[in-house]
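Take a look at the structures listed below.
Here subunit A shows up in two complexes: once beside subunit B, once beside subunit C.
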Partner chain A sequence: MKNDNIKNIIQNGAIWGFILLELAFFQIAGEYWSLSDRAFMDLDNMLLLLKQAAPIGIIAVGMTVVMINGNIDLSVGATYALAGIVMLDSMSWPFMDALGDWAIPLAWGFALLTGAILGLINGMIVWKTGVDAFIVTLGAMLGYRGLVFMYNGEQPTFHLNWTMVDIAEADVFGLETPALVFIAVALIVWLVMTRTIHGRNAYAIGDNREAAVNAGIRVGPHFVINFVLIGFLAALSAVAFYSASGSVNPNDGMLFELWAITAVVLGGTKLSGGKGSIIGTFGGVIAIQLLRKGLGHIGADTETVNLVIGSILIAVLFLDRQLNRKGAEELKV
Partner chain B sequence: MSEQTPALRLEDIVKTFPGVRALDGVSFSVLPGEVHALMGENGAGKSTLMKVLGGIYQPEEGRIFIEERETVMHGPLEAKAKGVMFIHQELSLAQELSVAENIYLGELPRKAFGRVDWDTLYSRTDAILSKLKVSFNARTRVGDLSIANQQMVEIARALTVDAKAVIFDEPTASLTDAEKSVLFDVIEDLKAQGVGIIYISHRMEEIFRITDRISVLRDGEYRGTLETAETNEDEITQMMIGRSLDLSRNFEELELGKVALRVEGLSCGKLFQNVSFEVRQGEVLGFYGLVGAGRTEIAETLFGLRTPTAGRIFLKDEEVRINSPIDAISKGISLVPESRKEQGLVLGMNCRDNITLPQVDDLKAGPFVAEGAEVSIYDQYRDRLSIKSPSWRTAVGNLSGGNQQKIVIGKWLSMRPEVLIVDEPTRGIDVGSKSEIHNLLRDLAKQGYAVIVISSEMPEVLHVADRIVAMYHGQVMREFDASEVTEDGLIQAISGITNDAA
Partner chain C sequence: MAEASTSERGAARGTSSDTMKTVGAFLARQGILVAFILFMIAFTLWNPRFIDINNVFGVVRSSAILGVMALGVTFVVIGGNLDLSVGSMMSFSAIVVLDLHENPAFGPALAIPAMFAMTLCLGAINGFLIGYLRLNSLIVTLGMLSAIHGLTLTYSGGQNMDIANQSATWFDVFGRGDALGIPIPVLIFVGLAAFLGIVLAKTPFGRKVYAVGGNGTAATFSGIPRARVVFFTYMISAFCVATAGLIQASRTMGAQNTVGQGMELEVLAAVILGGASLLGGSGTIFKTVIGVLILGFIQNGLLLAGLEFYAQFVVTWIIIILAVWLDIATKRGRLWSPIA
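Showing the complex of A and B:
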C-alpha cells in the first residue's frame, strides 16, 4: 500500500519534476550559450510562455477528456482552422458590418458553434456507427481540412478589427487573454472531470466500457458530449488566437492534434483511456512549451527542438512502462 | 494390454498452490492405442494435471515418463517435441491465416533467403488433411471455417509430429452431433496408429462410446482406474463424488413471498431454447450445468444484454420487455457477472465510486456529484457485507477477489433490486471468502430478495440454492428441490442423461 502511494506520487508528480529540471537546465545553460543577456526564468518570459502555450493547451484540455473517455480526436487541427476562417470571414458579411463592434461577439459565436457542430458530427458518427474514433476523426481531419480549402482556396482569410485585437491582447497581471482563457478552461474542465457525474462516467467508460454498460451507463451520449467539448475548445483556441492575428492561412492548425496528444500523454493520460488528469495535461503543455522556448533560448533551431521533444516523449513513456510493470511475473507478450 | 509399454506415465505427481493441494500423489498412464478418459468434477485437478504434463506447471514431486524414459517438461514446445500434443477446448488459431500456416505456425518450411516454401507447406498440409477427411484444404482461411472445422485444424496440428500421446480437453463442447462423429472417427484412426489418447470430458455418453479405460480424480487425489466395458455411469459418478453429501445446511422453512420473476418459454437462437422457471422473493434458485449449457446467456438475456427470440418475461406478474441493462436496472433486475474484472468492476476506480456507479446520476449536489452521500453509501455496504479495504479511496484493482466480489454485490444491493442474478459467485475466490459469499447469498434470500445463482460447482449450488434448474445444451433438463436432490441425479441431468433412475 505504502509502495503504491509512493508510486502514485512519482507518476503524478513526474511532469512537474521534469518542468523544474527544464527550468534549472535552461537557466544555467542560458548563462553560457544564450545570445540574449536576459535570464531564462524572467517573469515576462514566463508569462509570454503561457500565452504561446495557449492554442495547443486549450485543445489539449479537450483531448485529455476525449482520451480519458477511451477515444481520440485527430480532426482538431482542421476544426481550429475552419473555426478561425468562419470567425474572420463572418465579420465582413454585410449585415455584420452594419452591427459595428457588436459583430465581434457574434463572430465568436459563429466560430464556437462551428467547432461544436464539427465535434457533434464526429461524436454522432462514433456513437451510431461504432467505428473506432481514430478512424472516424482521421476521416474528419481530411474532410474538415477539405472544407477549409473549399472556403477560400489557397488564399489566407483576412480581417482585422482593432477592437477585437485590443480584447485579445488585454492583460490581467501581465497574462494576456489567450493565457487567461487557457487557465480558465483548464480549471473548469478539471472541475467537470473530477466533480461531476459526466466526468465520473467518462472515466468509468474509458477504464472498462463493458462494466460501465453493465452498470446502466449510456456510453454514446457521453462520447458525444466529449466530442462536442473538444470541437468547441478547438474553436475557442482559434478565437483566442485569430482575434489578435486577424489572418488565417488554410494550412494553419496542421499537426496541432499531434502536439496536443503529445502534451496529454506527457501529462500522464493513458492512450487506452480511464486514467489521466487535466492538471497533468496542463503540466505537459507547459513542459513542451518550455522545451521549445528553452532550446530557442540557447540557440537551437526548430528542427532540433522537434527531435528533442520526440525523443523525450518516447523516453517518458518507456519510463512509465517500467514503473507500471507488475513485477517479474508479468506475462511476456 | 497391461504388458505393453505405456506411451505416457505419470507417477505420484504432487502440485500445491498456496493453501490448496491441487494434486496429491496422482499416478496415471496411457497405453499406445488406448483411449483413456480422465474424469472428475470441476476443481478435481484434471486441468492442473494436464498443465503439469504440458510443462506449464512444474510439480513439486513426482515423475513423468514417455515410453518409460523419465523426462522433465519445461514448456509446451518441449512437450510437443517429445510427442505430447494438446487439443484445447479454447482454440488458439490465427483467424486471418490459412489452414496450412496455422498448422505449421512457427516452423514453416523454408527456402533460401528465408522465403516460405509454399509448395511443400501446402502439399504436406493436404496430406494430413486427407487423413482427417475434411471438406476444406490447406489454403482455406481459418476464419472462414466453422468452429468444428477449426477444431479439426487443431487436431491436424497434432498430426504433424510423431505424436505419442494426444490430449483432448472437452473437445465436443462446441460440436454438433455430426461433427462429433467425425471427431470420434479421427480418434479411432489415431488409436489404430498406436497413439495414446487422453480424453477429458464430463459427458458420460461420449465416455462410454469411445474410451477403453476411465481414471477418476477427486479433490486432487487419484481415485482409481476402471475398464470402461466393466463399469457403468453410477459407479463412475460415485467415484467422482465420493464424499458423503456435506449438507451442513438445515432446510429451515422458507418464508416465500410473491413470485418476483417468471419466465415462460424463453429462447435465444441456438444458445438456449424454451426455458421456463420462476423465482420467488425469499428463495435462491440455482442454475447448474456445464460450461456452454446456456446458463450465462439466460442471465444476459434477463439483463437486457441479449434479445430473446421467443418467450415472455414477467416481473411480479406483469409482462416486461428488457432491451438494455438500463431497462433491467430500472425494473429491478441486477446482474453480478461471471467475470468480475472484465464485466463487473472499473479496476482503476476506487471502492466508493464502483459501488455508486449505477446510481451516480441520482447523487447530485448542484452541478457536482454528492460525494458525501457516496461515502455514506459505501460505509453502509462496507459494514453490511464486511468489505475489507484500507479505505474507500483504494482502487478496487488492489483488493482480493473476495472483496472485489463483495463490491460488485454491494453495488447492486445499493440499487435495491427485486431480482439479484449472481453468475459464478465464487470464481477465483479463496476458500474462506467462498463460504462468506455463500452465507451472504443465503442471508439476502432470507431478507426477501429473489436470488438466482448460476454455478458450475456442484457443492456451491447444493449449498446455496433452494431449487436447482439443471441445464444441458441450452435446454432445461430438470428442476430439483434442493432438499431432495442427489448428486448423481444432478450429474446425470447436466450430462444429458434423461432416464429418471435418479
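Showing the complex of A and C:
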C-alpha cells in the first residue's frame, strides 16, 4: 500500500520533474549556445509559451477525457479546421454584415456548434454501431477534411475583423486570450472529471466496461457526451486561434490529433482507458511546448524537435511499462 | 386445413430464411468484393469510359504507391498491431534515394540498395520495440512518425530533393516506365501482392502471423516465437514502404519532405476497407488489394461523374464505416450495438 503511494507520486510527478529538467537544461545550455542574450526563463517567454501551447492544449484536454473513457478521436484536426472556416466564412454572410460587431459572438457560436455537431456524429456512430472509435474517427478524419476542402476548395478562407483581433489579443497580467481559454478549459474539465458523476462514470467505463454496465452505468450516453465535448473543444481551440489570425488554410490542423495524443500520453493517461488526469495532460502540453521553444532557444534546428519528441514518447512508454510491471503480478509469457 | 397452411407457410419461411442466411453469410464473407463489382458495374453503365483500359491502368498506376504500402501494413495489422509510421517512413526513403542518386559516390545502382537498407533499419527499430519489448504499437509508431519526420528534415536540411539531370538517368523506370504496355508501378504492385499473398496464405510464417494476431497468448503456448513474428511483420512493412518510396521518387524525380504525410491513415483505411480486423488475426492480401482498388476507383469514378475531387474523402468515410459496421453486425447477429 505504501509502495503504491510512492509509485503514484513518482508517476504523477514525473511530468513535472521532466519540465523542471527541461527548464534547467535550456537555461544553462542557453548561456553557452543561445544566439539571443535573453534568459530562457524569462517571464514574457513563459507567458508566450502558454499562448503558443493553447491550440494543441485545448484539444489535448478533450482528448484526455475521451481516452480516459477508453476511446480515441483522430478527427480533431479536421474539426478544428472546419470550425475555423465556418467562423470566418459566416462573418461575411449578408445578414451578419448588418449586425456589425454583434456578428462576432454569433460567428463564435456557429463555430462551436459545428464542432459539437461533428463530435455528436462521431459519438452517435460509436454508440449505435459499436464500431471501434479508432476506425470511426479515422474515417471521420478523412470525411471531415473532405468537407473542409469542399467548403472553399484549396483557397484559404479569411476575414479580418479588428474588434475580434482585439478581443483575441487582449491580455490579463500578460496572459493573452488563448492562454486564458486554455487554463480555464483545463480547470473546468478537471472539475468535471474529478467532482461530477459524469467524470466518475467516465473513469469507471474506461477502467472496466463490463463492470460499469453491471453497475448500471449507461455507457453510450457518456461516450456521446465526451465526443461532443472534444468536438466542442476542438472548435473552441479554432475560435481562440483564428480570431487573431483571421485566415484558415484548408490544410490547417493536420497532425494535431497526433500532437494531442502525444501530450496526453506524456501526461500519464493510459490508452487502455480508466487512468489519467487533466493536470497530467496540462503538464504534457507544457513539456512539449517547452521542448520546441527550448530547442529553438539553444539554436538547434527546428527539425530536431520532431526527432526528440518522438524519442521521448517511446522512452516514456518504456519507462512506464517498467514501472508498472514491478509488483504487478501479471502472467509472464 | 388452416393448420396445414400455417405449417406450410412456416416451412416456406424456414427455407427462405435458410437461403437468406446462406446469402447473408456469403455477403458477409465476400461483401467487399460484391460491393466492388456492383460499384464497377454501376459506374460503367453510367459512363463507359470508366472501364476503358487506359482509365483502369491510370487508376491502378496512381493507386500503386498506396497499394504497395498497404500490403506491408496488412501483415502488421493481421499480427495484431498498427503501423502509423509508414507515411513519414515513405518520405524518408524517397528523400534518401534521391539524395544518394545525386551523390557521385553512389549513383542510382547503389542508391537503391542503400536506401532499402536504411529504411529496413527503421523497420527493425519498430519491430524491436513492439516485438521484443512488447510496447504499445500505436504509441511507438506514433513516436516513430514524429522521429522519422525529424530525421528526414535533418537529413535534407528542410530542402526539397530533385534530380538535376533527368534525361541522363534510368532511375525514372520504376515510376514512369512500361513493360509490354503495362506500367511498371502496376507490375511491381501486382508482383509484390502475389508474392506476399503466397507468403501470408501458404507458408508457415504466414500462419504464425495469423496465430499471433488471433490469440497471442495461445500462440506463445504453442511454441510460436511471438516476438520474432511481430518483428518480421514490421520488416515486411518497411520493405514495402521502401518500395513505395522508390516508386514515388522515380515517378516525380523529386520529392518534398512531406510527400508521405497523412498516408499512414489512408493506408490503414484501405486495409480496414478490405476487411482486416484491427484486433488482428483476420484479413488477406487479396482483400487489401480490393480495398486499395475501391479507394482508387471511387476517387476516379467520382471525378468522372463530375463531382469535385474532395468529395471522395466524404464518400470514403461513409464507405469505411458502413463496411466495418456491416462486418461486425453480421458477426454479432444484430444491426445495432448492444452498448447500453
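A few points about this structure:
Just so we're on the same page, the second predicted complex is superposed on the first by the 327 of 333 C-alpha atoms of A that agree within 3 Å, B and C clash if a C-alpha of one lies under 4 Å from a C-alpha of the other, contacts with A are read in each partner's own complex, and residues count from 1 in each chain.
Here is the rule we use: contacts are C-beta pairs under 8 Å (C-beta built on N, C-alpha and C of every residue); 3 or more make two chains touch, one makes a residue touch a chain.
Every value quoted in this text rests on a predicted model; they were computed, and no experiment measured them.
Once the two complexes are overlaid on the shared chain, A:213 sits against subunit B and subunit C alike.
When the shared chain is aligned, no partner comes close enough to touch A:23: not subunit B, not subunit C.
Legend: residue contacts after superposition of the two complexes on their common chain; A:136 is shown touching subunit C, with no touch to subunit B. In the overlay built on the shared chain, the residue A:49 is in contact with neither subunit B nor subunit C. Contacts of A:203 after superposition: subunit B is touched, whereas subunit C is not reached. When the two complexes are overlaid, the chain among subunit B and subunit C that reaches more residues of subunit A is C. Once chain A of one complex is fitted onto chain A of the other, the partner contacts of A:275 are limited to subunit B, with no touch recorded for subunit C. According to the touch criterion, the shared surface of subunit A, contacted by subunit B in one complex and subunit C in the other, consists of residues 213, 218. Contact residues on subunit B toward subunit A in their complex (touch as defined above): 303, 305, 325-326, 328-330, 335, 337, 342-349, 353, 357-358, 360-361, 363-364, 367-369, 390, 394, 398, 411. By the touch rule above, subunit C contacts subunit A in their complex via residues 84, 129, 133-136, 138-140, 142-151, 153-154, 157-158, 217, 220-221, 261-262, 265-266, 268-269, 272, 278, 308-314, 316-318, 320-321, 324-325, 328-329, 332, 336-340. Across the interface of their complex, subunit B is touched by residues 1, 4, 191, 195-197, 200-201, 203-204, 207-208, 210-218, 274-275 of subunit A. On subunit A, the positions that touch subunit C within their shared complex are 74, 125, 127-132, 134-136, 138-147, 149-150, 153, 213, 218-220, 223, 254-255, 258, 261-262, 265, 271, 301, 303-314, 317-318, 321, 331, 333.
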